[in-house]
């Protein structure tokens, strides 16, 4: 933590633009990704793994599209789910029409319908919401989100009210005899689209407009004086982001065969901000990483605790405060040391700091969970299982122990943090020699 | 009809002044620091919860003073140890930070006070109808709310126009960066302003909690509207916030009171009735049904016509 | 490039961890899934429901369980989100659990019902049964009915039929005001009230029929002013949660003294929050005896036992007891946990519930037929209060099963 | 010959304060000219009016004969006018190479394209490389612009300005805050990159002004009081009174 605690301007700036030419050059990366995606369902074969991977895939496309706004364009949207949801609703309606035979639309092309829907609405709402950047853009996005959330209850026929719009992918015409009734078949379809959308979004970031989106983010005024209208640049990025959000929405319609108003609500928009930021907004892989980790945590934590959202909120806040470059940023920070084969030197100090962090986390989690158990009053026995031991809520000892652990861990971190940071600096200095 | 108009005006005033108490703090913070505090309504919620707990221990009146002080201190802490850290990463980073604060506060409130609504009641001394008119009662507590918010308004106004500190604040609203030139300790000024802004929000929470309900979602219910108020009024403009608060307060109460459908309105402005088939869903909707989304429509409209807001002068 | 490969490898590892974490362990007890909110704003409702299921299951386990195996209730947090519900449903199916209980939100119910139907049609060997204990949208047992869905609560129209019977008998009511949340349930209540009152009491004037946005209204005073201005003698509302509490408080502040006929103005903190503001004003329509006065012995003991375990919570859904016991009987009758056979056994089953009423699972649409109760919010003569607040519900009237019953449009398709 | 820039009767007021009070100024194409004047005379404001950052209160501005009054900065830039800023104004999180390339893209016709790959746009890369050579920043091409030294950032600022190949260049205090040797280097750079173009610069360093400028305009209290060759300006009594009379070294 301490390494990123006081990032010098140089280090922060050095990682800010990791998407620069060369990092993802060549097709090797995409081929590797394709192979991983193909093999994955054969490696992980248990329980709800495939459904969760489907969810991750959708989240990846959505988070990447969100980062086209935030990371690349400097636009913080509190309403990006609007385009996800509208694209999804259009896709669901299209699939229903296809099921009735009114429209010829093979299932694999469905996400494209969603994308075009997202694009159309982004093109409409973008006209007024991209006129300004910064705080006002954020507030307008919030207003649009509130408007759409309210409209979803008014326009019953399109949004289906509270039940939403259900659809059935098994009824649409087949393409090449491909059926999509099993989770695994859907998985491969989603994987295909995730890869395609990721490649397209990466390619977009390397086009003139993609580069100028970065320029407008950094300095809108200067961009004007090299011939670019900041408004147009924002508008086009916004439309592109809406298009890919719509694709994610279309994938959602395909996978869950239902869309409800919550898909375009404020919470959905908040979640994509959380996952993107935790992953790291400064690089292309950040949102991917964030989407995977966040989805995993979201669906797993709730099996163990009722206050999972608090943990995710704390994780988010900690990221903003201490590691604003996100997980991907931290990984990228270690790239020079890795190349110089000096990562080994970091293992020791990092392990010590990690153990301290873990002890502190156990203490804090223990306290929070005990408090939760007490307040929620769902533990009549007064005993709660925590960290594989039975903890009595009404005795003082466990409170003391957890407080002690939290304090000890925090003190340990104060000691170990600077050492880890020093080790990091040392490894980098050595690496700089090349 | 008179009854509806009169009570709508009164309720609009009460709600509008409540909005102003929230938006004035938000505007002060924004004007001086350039930060739009997404967690502002969360401090309003904390005010209500603190007051609920304090009221059951020491009574309502001490709670009315203590809760805002506590929340103000908490706000100052958040500024000192959180916001100041992310300040150098720019306004978007600050907005993201306060967004995170809002999430964590909402979760912490649920952790500490539980999820069900709290029965934070109007103090017995004010729990009577002030007057009856046209068969309907106006509760004394609402008059009290109006009184408190007007008092706060006068207080802010006096400070801003009569004291040196107020003049500095006013100057920095229009010329950010000026405080530093006058040789003031800017970080400390920021911390104090942030704390005061949060305390103002907390006062609103203390007095609104018994009427609008004290529950974990109360921040979200009011939050977005407050942002609309400050953007419509013009970011950083106190008079704008005042006008927009009253405008939105009365707009919402009157919209509820009117028994008019959107179709009627459209016909009145000349849209042919033939359009009703195509716009069926919208046509049958009453204005009352869309009352809560009117502020957002207003925001979009204002930004299209006057991007700096009604009274705003600053581009952000 | 290598960096990205590493990231991808990391993802792969993560995914494997995901897989391991979800691995089902073979278990002896019969697992029953409870899919409802266990976190977020509605967690209190979900937690209390889960506890009532566990409490009811314990009693069944004490008397031998099902087919000699113990019942185990497994909670799945759906965060009252349709999307999350479907993810949890996948988990349930992945864990090989055949029975799914869900109740909160008709939107979620539709999502689950639809998903269960699709899953069962596509996966004949691995079916699940959806047992709906609380979602009351009539469509679920009408147009959207299917073989693998059973409902144990009275659907909205049954309750409305009972409610309008009571109102029809009250000659003091001449003007009725209807207010509700602007979504499917609020609209269903409004439409039902207009239609049934029109039939039973054509002389009652509907002086207001208002929908307000759900969860968005900050202050209900303007609505109360409109009700006062309309001169209404009574109000019907389907409001729940914060919207219900705020409406009741605003009515009290505005000096509106007329009765409010409601669906969800009790328990889960609502009774406590309304408190004195609702006395003799709030009336509730529900499917069980309210416990006051003179509760049937079985119900009284059941409530007392539960309150001992959970002093702050209520038995607000005695139908949970009904649902679980009827499932146990069906499994016993079928002699297996095979979903199709258990469903067949449930059809037409009769059962005597805690209130002492004879209920029957109608074969035609899988809607449980039962009498309906109407009670009033009060603090007088309360033996079993709600929210430990001293306030509770007291019985006013009861509408018999055959009076409350409603026709259905369901055309049940049974697997051959 | 059509003037490169032509201001006629330009006024600008902020609220009640008039900053520019009726400026008429003609800049002939292919000349290097300087705009001087005491602090607060309105030099930067005049620049901001010409480049479209602020709208004029009244008057007209023509660029190479075309009326550009009221156009947005980007539209004026596309008509062949480019400027630098007094306070360094670059793209801090992008690399030096990308900073220059941003200045190049529009003029090569890439506009808002999402069909081209910037890395495959060889003409843009070549032009960028050439500018980097001129700026002597080729070795720093991958460094984020925000971490360059001050002098390097000033050079980059000029680089972005000239990268698009505009034929009318406005430089706002290009040597501000530089050491003597750095200033010399920048003067050399300006001379090189404005070869055959029209240059208008605001500058406080009189040696730079008299070294570079073919003609000098003197702005005092929002009015151009003189516009002539350096020799005549030096000799002009009004200028001496209004400007050179004040102590030297205000920069």
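Lettered A, B, C and D in written order, each chain numbered from 1.
By our rule, a contact is a pair of C-beta atoms (placed from the backbone, for glycine too) under 8 Å apart; a residue touches a chain by one contact, two chains touch by 3 or more.
Only a predicted model underlies this, so the values are computations on that prediction, with no experimental measurement involved.
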| item | value |
| --- | --- |
| Chains touching both chain A and chain B | C |
| From chain D, the most remote chain by mean C-alpha position | C |
| Between chain D and chain B, distance of the C-alpha-averaged centres to the nearest whole Å | 46 |
| Gap in Å, rounded to a whole number, between the CA centres of chain C and chain A | 34 |
| Whole-Å separation of chain centres (CA-atom averages), chain C against chain D | 72 |
| Set of chain C residues in contact with two or more other chains | 40, 43-44, 182, 213, 216 |
| Numbers and ranges of chain A residues touching at least 2 other chains | 25, 150, 154, 307, 309, 376-377 |
| Multi-chain contact sites of chain B, meaning residues that touch two or more partners | 114-115, 289-290, 292-293 |
| Chain pairs that touch, as defined at the top of this document | A-B, A-C, A-D, B-C |
| Chain C to chain B touching residues, read off their complex | 40-44, 182, 210-213, 215-219, 221-226, 228-229, 242, 245-246, 249, 253-256, 268-270, 272-273, 275, 387, 389 |
| Residue ranges of chain D touching chain A (in the complex, touch as defined) | 51, 53, 72-75, 77-78, 82-83, 85, 89-95, 98, 101-103, 105-107, 110-119, 121, 142, 144, 146-147, 160-161, 163-164 |
| Touching residues on chain B, where the partner in the complex is chain A | 30, 36, 82, 85-86, 89, 91-93, 95-97, 99-101, 103-104, 107-108, 110-115, 220, 224, 227-228, 231, 235, 280-282, 285, 289-290, 292-293, 296-297, 299-300, 303-304, 307, 315-316 |
| Residues of chain C that touch chain A when the two form their complex | 1, 3-12, 14-24, 38-40, 43-44, 47, 51, 76-77, 79, 81-83, 86-87, 90-91, 94-95, 105-107, 110-111, 114-115, 118, 122, 137, 139, 182-185, 187, 213-214, 216, 309-313 |
| Chain A to chain B touching residues, read off their complex | 70, 74, 76, 78, 128, 131-132, 134-136, 138-140, 142-144, 146-147, 150-151, 154-158, 266, 270, 273-274, 277, 307, 309-310, 313-314, 316-317, 320-321, 324, 368, 371-372, 375-377 |
